[in-house]
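Look for chain A in each of the two complexes below; its partner is chain B in the first and chain C in the second.
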Partner chain A sequence: MNNFQYKKEITVTTALEAVNSNENAAFIAGGTNIIDLWKYNITNPELLVDINGIDELRTIQELEDGGVRLGALVKNAATAYHPVIEKKYPLLSKAILAGASAQIRNMATDGGNLLQRTRCYYFYDPDVPCNKRVPGSGCPALNGRNRMHAILGNSEHCIAVFPSDMCVALAALEAVVNVMGPNGSRSIPFAEFHRLPGDMPHLDNTLQQDEMITSIDLPSNHLYKHYTYLKLRDRHSYAFALVSVAAAFEMDGNEIKKARIALGGVAHKPWRNTEAEEFLKGKTATADNFLIAAENVLFGAQGRGENDFKIPLARRAIVRACMMALNPETQRPGAGPSL
Partner chain B sequence: MRSSPLWSIMLTVNRKDYELEILPWVSLLDALRDRLKLTGTKKGCDHGQCGACTVICDGQRILSCLSLAVMKNGSEITTIEGVANGSELHPLQKAFIEHDAFQCGYCTPGQICSALGMLTEGKAQTREEVKELMSGNLCRCGANAGIIDAIMEVKKGGDHE
Partner chain C sequence: MENKLLVGKPVSRLEGFEKVTGNAKYAAEYAAPDLLYGYVVNSTITKGKILSVDVSAVLELAGVVKVFTHENRPGLAWFDLQYADMDAPPGTVFKPLSDNKIRYNGQPIALIVAEDFETARYASTLLKFVFEEEPFDTLLTQNLEKARNPKKGMSTPLKPPPPKPKGDFEKAYKNAPFQASGDFLHATEHHNPMELYATTTVYEGEGKLTIYDKTQGTINNQLYVANVFGLKYKNVRVLAPYVGGAFGSGLRPQYQLFLCVLAALELKRNVRVVLERKQMFSFGHRPQVVQSLRFGANTEGKITAMNHSAVGETSKYEDYNEILVPWSHKLYPAANTLFEYKLAPLDLATPIDMRAPGGVSGMHAIECIMDELAYKLNIDPLEFRLRNYSDIDPSTQKPFTSKELRQCYEKGAEKFGWNLRNPKPASTIRGNKLVGWGMATGIWDAYQFPARAEAILTKEGKLEIHNATTDIGTGTLTVMTQIAADEMGLSLDEVSFYYGDSKKPFSMFQGGSAITASTGAAIVVAVKELKKKIIKKIKDIPDSPFKEIPEEEIVFRNGMVHQINQPNVFISFNEIIRANKNKVIKVTKLGGPDLIKIRKFSKATHSASFVELEIDKDLGTISVTRAITAVAAGKIINPKTAKSQILGSMIWGISKALHEETLLDQHLGKYMNANLGEYHIPVHADIPQMEVIFAEERDSVINELGIKGVGEIGMTAIPAAVANAIFHATGKRINDLPIHFEKLL
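== the complex of A and B ==
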């Protein structure tokens, strides 16, 4: 645990200048991830730039096209319980509320949630190698304890999973991440925000070192009637997902007009397979069709031993989540993840 | 860059104002316990995993171990020491005693502050929902059933099963 300098900035421009003045500087928003990592000696910032005073990033705004913009500093709890989100994007509310604890959701910000690091045990132990923490040092999880690790999109350099629940819903909703850097702003489609490990597992996402997330846009859609977020974990609450599924449909009677399926806990990023979604289009909503879609989503899945169980678990979880999404009873407030 | 690493901050804790000179890496938890000598708030894991350090900050339950004191400059904080009204225990405190909602008592300050925050949020109606929204507070003595009983008793208009 190192000592660090602290600076509070109240505009995006000055916060970017501050963080770009020192290559070991970092933003701090809710602090729930960076303080934890600092205490474990996994991250050693020389300067923390507190962005909580940037008021323009603290609002939820309805957009003219029917979409919604989440400011990067809006708290996870405030997002989940916001009346507009509950109405237009209940899948997002449900996914957020499946994550962490009430106290942490009161602290964590929407921008920070996208940037949380993996919970891989080797990443969290500074005394062992880890390609994500120390590039080139190796990956003990490949042939070690890998019960929580990835089954999709792996490389021989890293099998860590990205742990966010909120981001699984954002992937299914095709959110867009708005960022600001020294050279202006750009918008990143959600599917391109997080990345697969490849030979650079130290990079979790495509945000540049000198950029800040300013907001997340949710495009207008009709996925608020038939949806669910199913999270499977070692205990009923307050644990990270082993496998999670965000499923949402637009239906015409029993016919699927549009399908979205995203998985958490299985890869280095929220996992989507648009082919499986295309397959379901125009099909009748039956367990058999969902099983074909599930096989499609899991195409190429590979276990590394302890995590082999995740493949059948994910297959069944997809089918069950899709069935749940059709059933309004599972969507009443407070409904548990069961049928 | 500033020459002195010390920051002057003001915290209102249990309705009393405190001025502090503080290093930026001191957690709110350590500031409360070591500087203000308010040792009712407990350090369980120091990593956000147990809820023992829960306090109410500007009306919301948060974890003081993952908060930097310097970032709470100007905030209003309630700890377990500020929950009773003088010598009159808060109804939740009375209910905890009545329902045997503790054994060692280490998790209790965090449980009570968290329950206060949950009641203010008003999102839990049923016992199942109370359990879910109290899941950030672990009790290693296993007094959970009594804890939920105590909260359900205080909660008005809820479904008491």
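== the complex of A and C ==
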């Protein structure tokens, strides 16, 4: 860990100015990821800009169109337990609470959650090659220990997965990411925020170096009655998803009016396939239909050896999550997969 | 002892308050004036040589005091033997910074010493090594052809080779009407105690050191430091008053001790070296093991043939070995046996004992094969074990000092409700969950080492006991105080046990569940000797009422000496001290097993574990929902701390079965998940309500108190009980550990 300059800023404008004054600068909010990366010598900022004092980014606000705006600095735990979120977007609450630990959720911010780095072992070890960490150095995960790695949207340069739970729900809810840069603000649809590795795996997302996330908008919807977040992992808490599924429906009796399915733990970004969702529209909510949708979502999936199991596991997980979503009352928080 | 008021009582940990309030100080927390901080640099290649090292950028950094590498390490003890600690396996001990050879990835290759930790750590990024890499082998399964017999050495008596074959195994197995066989692969595991390895060395001048070290053996490390650095034993004091877990990793001195002492002596300064979590994966570990078993049984359900062959991983420089294969024959009779144990040397650090070393790995395979054989015979798995029950040790034909395993089976089964079990796999369903019930037997040795204790009647009329043992979190302080208090007829607060200090009388390192018996026995003989001395003194007091009373009628009770059944004939400890001209009365005495007597017996602790789990029928996810372990381990000195030992041990058993795995990348020759985020141990949500039952087991042979020790025994049955429950739930035999849920898809 190198020596560094530290600045605390209390407005978005001054924070952006500060971070753009040095090419090797970084923001710190909750710090739950950057401090680890720093100690492991994966990142070495010369200037740390502390944005925790920007109070305007710490609110959850109901919008006139019925949606909700999450300030970038709202803590994950505060979001998950917020009465408005619990009421309007229970899928988001459930996804957040499936992640990390209580202590980490109390520190981590909503904006920071979008920017967390992969947990790929090779990315975390500065003494081995990694195209994400050092472009062009190679990817030992391709033929190495890749049980946790991606099955969808891979490239020959990187098979890392994006580890967030919260973002899987945000993808299913079609959130919008509001960012501010030196030339003003812009809004990025969630599906376009994270990217696939391609030949530039060092870029996790489309946020520019000189920009900052200010808030996340949740559009108004009716996905609060039939939803679930199913997370499959090696232990019952404090482990990243091997496969996770966010599923939510608008139902008319037993007929699906609208379907949203997003996967975590399988790709470089939360994985959605709108064709599968389209297929379910107007269909009866049956395991058979969900299985067809699952096959659709997983179209083109490819394993790299140790992670081959993720393909059948994801297929089964999608079907189960969809069935569970029909009857969310049966799901206790923290309960294992069940019906 | 006719008057056991404290032994057998569930006394709470005496140091509990210090621990939960953060007042207990660990090796990295001792302050010393002008302390320097060392940061260890580890090899980033797996095998080869260091061609050159460039320290210039490091030395330019303000605050850096010195960089130690193989190029400037001072000349030290030349002979391997002087590096050999009490637990060194046969071979050539690794000597940090002794040459430019890289033997394994993560090998320590430099120590940077600076005025503060942050500077030393940052400096490590500026230190440049040029390596020449060589090809390496690290994956056991790809190097099985290299397996050979282990070399013999000083540690061989403690870890003897497997027993010789009996009868004709191949023929008997071929002819057995019922057979079960299987191959078992176990992943590498790292101990990962919560406390990081750390040493604070206080330089006292003139080659004199006080060393606060994380270790399981203060004297072991004292001897190591004195031998390696050519210091007088009396000038090296190693203290480990509190140890935040170790699980075997502290049985040998770890490299931070060597490097810290080296720096302190060279710089004549106080130095601290603390490892990082990642570096906790850069020394010993539980080895990768491949086991192959074949058991045969006759139509009566009696075992006729047993073969257990295993290959473990070791380093290229030492032959670490475990007692892995002979356990089945310590439990079950068979006329035809074949036991084999070999080692494959790989380019990795030497493994080191970890949580029931050998026993838990071997018993997992044995008890899974037993389960399978029971199914082949169509006999209940517990009934099958009872049919093959032996009151004597079948492998030696000697009686056990005590064996109440039958009681463990009965009490455990009753509590669990085993008789309600439907034997048919996948027969019990709860919603989407398949329910499985599994059981297994556990066994562990009952070790007792020689130990020496000093007992002092203080001027205040209280009792002090001194012994060098550590308390690695097991409750040693508490149980030793209970034993001493009862023997002396005092209450707990009138007895002080001083430990964790190499200056105290001898104790072996704390491992193998041996210390309660070892130090406990030494305390009993020391206090008995002290009482004799006191009786002699009170008889010498003028007009003493005890003059004519025979020694066996004199008892110690409530801080006084009485004539038995004559409460009005007494003298208080305070009066005794006054009569002794206000001087303390003390004795030091060696205690140890009665080897001549013990030789005629086999000795072991036993257990039976019963596990219930649920498996999602579509997704394979596993939840352990109930676990019960019944233990027969002689006299339980403190049922509370002993229960905690067994509960912890059961958790480690579940952990080994379902979670723990150090991921080796064979192409890079290194471990990839060297952190507690990705090296999984169970969290609370993975552990159900668990129960511990202690069988009544009187052992009048093993030692005076009948102590056999608890710790490892709670773990040895669990992995097989989990695997057998998974079979019962799903009909699938998953032999490799850990069991990942995708294997059940």
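Here is the rule we go by: the second predicted complex is superposed on the first by the 330 of 339 C-alpha atoms of A that agree within 3 Å, B and C clash if a C-alpha of one lies under 4 Å from a C-alpha of the other, contacts with A are read in each partner's own complex, and residues count from 1 in each chain.
The working rule: a contact is a pair of C-beta atoms (placed from the backbone, for glycine too) under 8 Å apart; a residue touches a chain by one contact, two chains touch by 3 or more.
Values in this document were obtained by computation on a predicted structure and should not be read as measured data.
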item: First, second, both or neither for A:N183, with chain B first and chain C second; value: neither
item: First, second, both or neither for A:N3, with chain B first and chain C second; value: both
item: Contact breadth on chain A, by residue count: chain C or chain B; value: C
item: First (chain B), second (chain C), both or neither touched by A:L48; value: first
item: Residues of chain A that lie at the interface with chain B and also at the interface with chain C; value: 1, 3, 40, 236-238, 334, 336
item: Residues of chain C defined as touching chain A within the complex; value: 44, 118, 121-122, 125, 278, 431-433, 614, 616, 618-621, 623, 658-659, 663-665, 667-668, 670, 672-675, 677-678, 680, 682-686, 740-742, 745
item: Interface residues, chain A side, partner chain C - complex; value: 1-3, 40-41, 119, 121-122, 124-125, 127-128, 140, 143-145, 147, 232, 234-239, 242, 309, 312-313, 316-317, 319-320, 334, 336-339
item: Chain B residues touching chain A - in the complex, by the definition given at the top; value: 1-2, 5, 7, 23-25, 27, 46-48, 51, 54, 60-63, 66-68, 70-71, 114, 117-118, 121, 123, 125-126, 128-129, 131-137
item: Chain B partner contacts - residues on chain A that touch it in the complex; value: 1, 3-6, 8, 28, 31-32, 35-36, 39-40, 48, 50, 52, 81, 100-104, 106-107, 236-238, 334, 336
